[in-house]
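Letters are used for the chains, namely A, B, C, D, E, F, G and H, taken in the order the chains are written, and counting of residues starts over at 1 for each.
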Amino acid sequence: MNYEIIVSGFGGQGVLIFGEILSQGALKENKHTVWFPAYGPEQRGGTANCTIIIGDEEIASPISIDPDIVVALNQPSLDKFEPWLKKGGLLIINKTLTTRKPLRDDIKIIEIDALTLAREAGEERATNIVLLGRLLKEIPLLSVDTVKEVISVIFAHRGEKVIAANIKALNTGWNSGD
Amino acid sequence: MNYEIIVSGFGGQGVLIFGEILSQGALKENKHTVWFPAYGPEQRGGTANCTIIIGDEEIASPISIDPDIVVALNQPSLDKFEPWLKKGGLLIINKTLTTRKPLRDDIKIIEIDALTLAREAGEERATNIVLLGRLLKEIPLLSVDTVKEVISVIFAHRGEKVIAANIKALNTGWNSGD
Amino acid sequence: MGEKVLIKGVEAIAESAIRAGCRMFFGYPITPQNETPEYMSRRLPQVEGIFLQAESEIAAINMVMGASAAGARVMTTTSSPGFSLMMEGMSYLVGMELPCVVANVVRGGPGLGNIAPAQSDYFQATKGGGHGDYKTIVFGPSTVQELVELTYHSFDLADKYRNPVVLLTDGALGQMMEPVIFPEMRKLNTLPEKPWALTGALNREKNIIMSFEMDPKILENINWELQKKFQKISEDEVKYEEYATDDAEFVIVAYGTIGRIAKSTVKALREENIPVGLIRPISLWPFPYGVITQLVPQVEAFMVVEMSAGQMVEDVRLAVGDRRPVFFYGRPGGMVPSPRDITEKVKQCLSMLLS
Amino acid sequence: MGEKVLIKGVEAIAESAIRAGCRMFFGYPITPQNETPEYMSRRLPQVEGIFLQAESEIAAINMVMGASAAGARVMTTTSSPGFSLMMEGMSYLVGMELPCVVANVVRGGPGLGNIAPAQSDYFQATKGGGHGDYKTIVFGPSTVQELVELTYHSFDLADKYRNPVVLLTDGALGQMMEPVIFPEMRKLNTLPEKPWALTGALNREKNIIMSFEMDPKILENINWELQKKFQKISEDEVKYEEYATDDAEFVIVAYGTIGRIAKSTVKALREENIPVGLIRPISLWPFPYGVITQLVPQVEAFMVVEMSAGQMVEDVRLAVGDRRPVFFYGRPGGMVPSPRDITEKVKQCLSMLLS
Amino acid sequence: MSKLVIREEFCKACGICIEHCPPKVLGLSNRVNSKGYNSIELVDEEGCITCGFCYLVCPDLVIDVYKPEKKKGE
Amino acid sequence: MSKLVIREEFCKACGICIEHCPPKVLGLSNRVNSKGYNSIELVDEEGCITCGFCYLVCPDLVIDVYKPEKKKGE
Amino acid sequence: MKPVYLRPQSMEDRITHYCPGCHHGIIHRLIGEVIDELGIRGKTIGVAPIGCSVFIYAYFKLDFVVTPHGRAPAAATGIKRSLPSDRIVFTYQGDGDLASIGLAEIIHAANRGENITSIFVNNANYGMTGGQLAPTTLLGQITTTSPYGRKIAVDGYPFHIAELMSNFKGVAYSGRFAVYDPKKIISARKAIKTAFKNQMEGKGFSIVELLSNCPINWRVSVSDSIKFVKENMEAEFPLGVFKGGE
Amino acid sequence: MKPVYLRPQSMEDRITHYCPGCHHGIIHRLIGEVIDELGIRGKTIGVAPIGCSVFIYAYFKLDFVVTPHGRAPAAATGIKRSLPSDRIVFTYQGDGDLASIGLAEIIHAANRGENITSIFVNNANYGMTGGQLAPTTLLGQITTTSPYGRKIAVDGYPFHIAELMSNFKGVAYSGRFAVYDPKKIISARKAIKTAFKNQMEGKGFSIVELLSNCPINWRVSVSDSIKFVKENMEAEFPLGVFKGGE
């Protein structure tokens, strides 16, 4: 089957990279994948989101209207995408930047204080990666090793330290559910 | 029936005016008429020609490929349009500017030394009107009075003298066949 | 009714526009329509109008856009390459719902081509040479008198539907002189009010004119509204001439200059007792599909004649479907088929049908 | 074969073009294709190519004209309003028989519209948005991999036929990343020779490149030669994908982004044992009329799905004739129908057929 | 009434006004508006000299400036 | 051989060369070329000073100018 | 309390879409102030460009039209010539819009002495489309389409609009200003006022070029963006009045 | 007999379509002479305009392309950048072509310092289309679209290309010349030679404006047309070099 994932947050929170890591990982594991950004004049500080589809089937639409998974990094994202989630789907919320609880009861909800955890991992900017770690824990979209490899490549130009911090953040996220 | 007429000469010999006088006359006599110039970058000193159609039937094509009448004011015009003429058609030639006789024997041919006649009429530039006069004599397309009226209107901005000279030229042409 | 005057097609456009209340003209020279701007440059100052030669066709169509937005009856005229340069502007004008009249006096193409008469911009004018789902009303007159009437009518239609209207004519009709009667001069105070126009937001809500909407859902709705308008136009504004079709077994479809030439072909063939008829579309968009479709049961075959390599023939095929053959005879590059050419072609087709 | 990489559609165009030997790029920014020129501006200097940001789309297409005339493999990319500005240039390029590749990453229209994905420039690209009788080859890819392959192929076709090729894609395909395998880098010395190119008339006859011919008789012949070429292309270069049509009683026709979405609809409906199939035109001009016409006897009805108010549907109607209904489902203004939307529509149409 | 009327919803926390305030009486608040920005606030009402620089430099029409009316006789 | 080679077919009788010839040795001939123009002619071969002005001012490449070679020893 | 600085009456009460610290907002306000001062709100028609300021119509209580990229001066010409002569028409254009694609239109409007006002926002790049090279991009400046820095050999020299405009007889006023500090802002407002007043007095074409910032696409902080305007842009584009005065 | 003035080798043996006395022909010949002198016939590519000189390709033994009206500089840019650097590319453009519809293209080519040569024929009207107003039409001059004479209030001022071009750093050479008498013709040839030599030396954009006549559309005799150039056009458009020298 294919998983449809929407990741959403403020511009600058790294939601596009979140998605790209997933898609790059899928590529590595020879899965079908598509990454699709919501593009627009929204670069101007507004919100950003992207859709990632991963699975073993040919991918039809790059646009998801009923995702299996939503990762909401801030309140507007929660407001917008919670209703879209498929029945039984997974909602992962960055508690640090949301002000209310989700409303639905037909989905699985995970809230993590991702910013705090990222700070603990030593890289405040890795909030997204914390959430990614947790997502991978919940649903084995990809092997964690694959994702770590991808992270090493994607952050290569920013140096070893950043890579290490992000991998730590990934682990932190992974372990956050325990 | 409708008459299709092609008038052709050097730019400046007044072939367009020749045609316009005919069409204006046709309008006055409530006939169907179309005037159609060969337009092109030929304004640059080359040859000019126009097609006039006059008659009592609705007019289809403004372009004639087998005219009833050809008026050739110079040699290139004779070369070009003589072959187009309908069998039995009328060819009027300005002898002053042609260097050879027409070739066909299935048409009616009239040659006049129009420039000379125009000079005699006191208006060298009225070569065209001399030919027009002769044409009207040969084929009663329009009444001569109508044409005189049109000439008076068309040359009005150039003054009484020019009008008078042109009307004289018209008469000269008319009488040239006698 | 005024008296009959002899006038060139491209000058008749200008005079008729002025009579329809057009007081603003922006244009750029191009053969074979130069006499339109030239006439306007003489006449408009006499009637307190404005003639301005734009620096290009792009500037011209955008000046038209501005004038229309300000509520004026406005026109531009051009010929093929210039019309191509106006495609962005045309798409905008439709999106902005701005009325205006644009004449394209078509010449031989593609590219620079030549200045001889042609009909090879049919697709561009009727299917949308610009981007996006848009339509303009397109008329293809076949006599100078019809050109006069359609020009006049176009201004009213443009205002009625808040949509550009295109006069698709050609160098032959443009350059020929024919006797015409002009409509009376329209009194400017009888022109429709335009509360949407930009005149300064004094004591009213501001007016915004644009073709811009970032939200795809809203832009979709705007598009459906436009489509509704186009649908309405398709129902109400179809124009065509039917000639000798009553008992016709073979029908020629041709518009504009070729429309009139084909008519004489039909006359000639009728004299030979060949049951040929003519449909002459006058509105090219909306295209008179209906009348053609209705003829299908009665007719053996259709033939489309165009001064192009074959464009309107697609619309005729859409109307006819696959129950009857649709022959095509066309001459691109500035050649005008003669009545005799067409007659021959009809006879060829008829003999093909028999065999 | 290289390794699979994840890349955005609009960047894939650029890389694939470079691999096809394109070393000249002229373009002007417009969303949603900015990543193409941006990629080119980074990459071309690395391979001794030239990237130049033109002052406008008009300048861009004329720079393309110049580079092509000089024998270069050259490309420009744009989006809808920018493509409209290129219409004069496109008509010239065809008239001049100059090869080049132009991508139009279509967005919502008309006018300024928005930057969401759309397919509403189909008419413009396939029927001729510019003036004159002309055609460009038009491809409508539906995956990034296909975009890569068609881009590469387009350069060869353009040179083969000395004709522009248009890649008609949209913001969805342009902005998405998918894994693709790029073709090998073409060795520049394997590119076709162009003895007609302008390189300086040293020790040879001069070369003249133009689309200009004052004599209508000659221009007519030039046009017929062009038409012959278009005919040849129509015979040899049709491309489409057929999916589950063998026993289909209902066939969807859709291209590009909607083509792939429709495919999943077909899959879903097949699981419900509904005999639906898909024709996905890949070459939009030449349009795959033949394969559709062949299906007519077997199929109850067709449905065309487009991200527009209905454009390609006309070509499908031309192929189908009037023996079968051709339904249409479209969404203009930047909306992308979902597989579920399409499925519902198919079911609606099926029940209409029954009743 | 304060010397400054601050429309917090409009503030984008760009900091330009803070930089240009001569007596440095402006600062970012910890109130996040619906766009996600911490709006500015007037930290020291007294210190404000109502010079209007903050109004002048603000790109977002956040601030209106009022001068205390001179009491008659003062 | 004349000092001037005049390609009569090319001449459009514009008269520019005639006007600019310093010794005024050019004039219109009475030979009409195939375009209908009376070509120029060199009226006074001796008088021509081979200054080339006629070549320079002619828009139609009608005239080539040759100088008599100085005889050796002269 | 007596109001001393209040947002212009001619502006809408609306949060703009501009990025934090973007000078477009200041320039908008200055226009609003001038329109208020001259009392021409009900007579003024704005012509929006395509660029970040395409949304300008949303921020003013004025009639507005959004015309194709670069063609605002042509549209403004059409409007101005169609309306009674007391109507005021202005264009608001970015450097991509005015100096690149729309160069012919602005120059011809200037040369005709078209009696309109042009507000020209020079931020040395294409803001809306993501920071590409503009004609006004500085030498060496990195943009998304000059990733190795603008080079003379490829893209030529930064384009000077205000100076160029002073060549045309039809131009009543041309000047270049900045809006990064209160003093500069006050001068800019004066210039904008002159440019509108000239139109009211039928003096012909007036243009005010405003150096502006684009922190987002320059990928710098707001304060660094201001520093860049002050230090780098001003060095290339000197402030001043190049034609006309008050 | 020793040949002293022979028609250029790089020109075809063909009667031109130009009207009697039209200066286009002289300007053609000067280009031919310069190409001969510089020995660049086999390396030179010409870009024709749309205008009376659209037929220029017929008169030279050179590769030529005919591009859309006004866009010659863009096409020339595409050619120049695609070919080895020793190739010489020039445009030949009229005042409608270059100063009206093609203004943005010529200015941007100039501003980029595009290493091409531009020959600009200013005959104060649109010759090919029958004598309409051009940007360079003189004040008061009657044309088919300024039947009451060019008025400032409607069409603005005559457009000065040579001076304008001198504003751009990318321009190596800009000058204005006339061709109505031998002396002027010799100066014009020198200027054209400089403009081509600059390109050979990689110096950037060079433009030569040539005042020209149009007896047909001005509806005057050839000699009156020359008088008009000398007395009226020169008064508006002073001859001289505005940028660069030899």
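In this text, a residue touches a chain if its C-beta (ideal position, glycine included) is under 8 Å from a C-beta of that chain, and two chains touch if they have at least 3 such contacts.
Labels paired with UniProt names: A, B = Pyruvate synthase subunit PorC; C, D = NADH-dependent phenylglyoxylate dehydrogenase subunit alpha; E, F = NAD(P)H-quinone oxidoreductase subunit I, chloroplastic; G, H = 2-oxoglutarate oxidoreductase subunit KorB.
Remember, predicted model here, so these are calculated numbers, not experimental data.
Counting steps between touching chains, the shortest path from subunit A to subunit B takes 3.
Placing every chain at the mean of its C-alpha atoms, the farthest one from subunit C is found to be E.
Here the two chains linked by the largest count of contacting C-beta pairs are C-D. Computed from the mean C-alpha positions, the centre of subunit G lies at a distance of 34 Å from the centre of subunit H. If you average the Cα atoms of subunit A and of subunit E, the two centres end up 38 Å apart.
Mean C-alpha positions place subunit D and subunit E at a centre distance of 55 Å.
In subunit C, the positions touching at least two other chains are 31, 52, 55-56, 58, 81, 88, 92, 96, 111-112, 115, 210-212, 214. Residue positions 18-20, 54, 66, 68, 100-101, 103-104, 108, 128, 130, 135, 154-155 of subunit H are each in touch with at least two other chains. Of all residues in subunit F, those that touch two or more other chains are 12, 35. Against subunit H, in their complex, subunit G makes its touches with residues 100-104, 107-108, 111-114, 135, 152-157, 159-160, 163-164, 167-170. Of all residues in subunit H, only 50, 54, 66, 68-70, 96, 100-101, 103, 126, 128-130, 132-133, 135, 144-148, 154-155 touch subunit C in the complex they form. Put simply, subunit C touches subunit G in their complex at residues 24, 26, 50, 52, 54-56, 58-60, 62-72, 74, 88-89, 92, 96, 198-203, 206-212. By the touch rule above, subunit B contacts subunit C in their complex via residues 20, 23-24, 26-27, 33-37, 39-41, 58-63, 65.
Remark: subunit H residues 1-7, 11, 15-16, 18-26, 29, 180-182, 185-186, 222-223, 226 touch subunit F in the complex.
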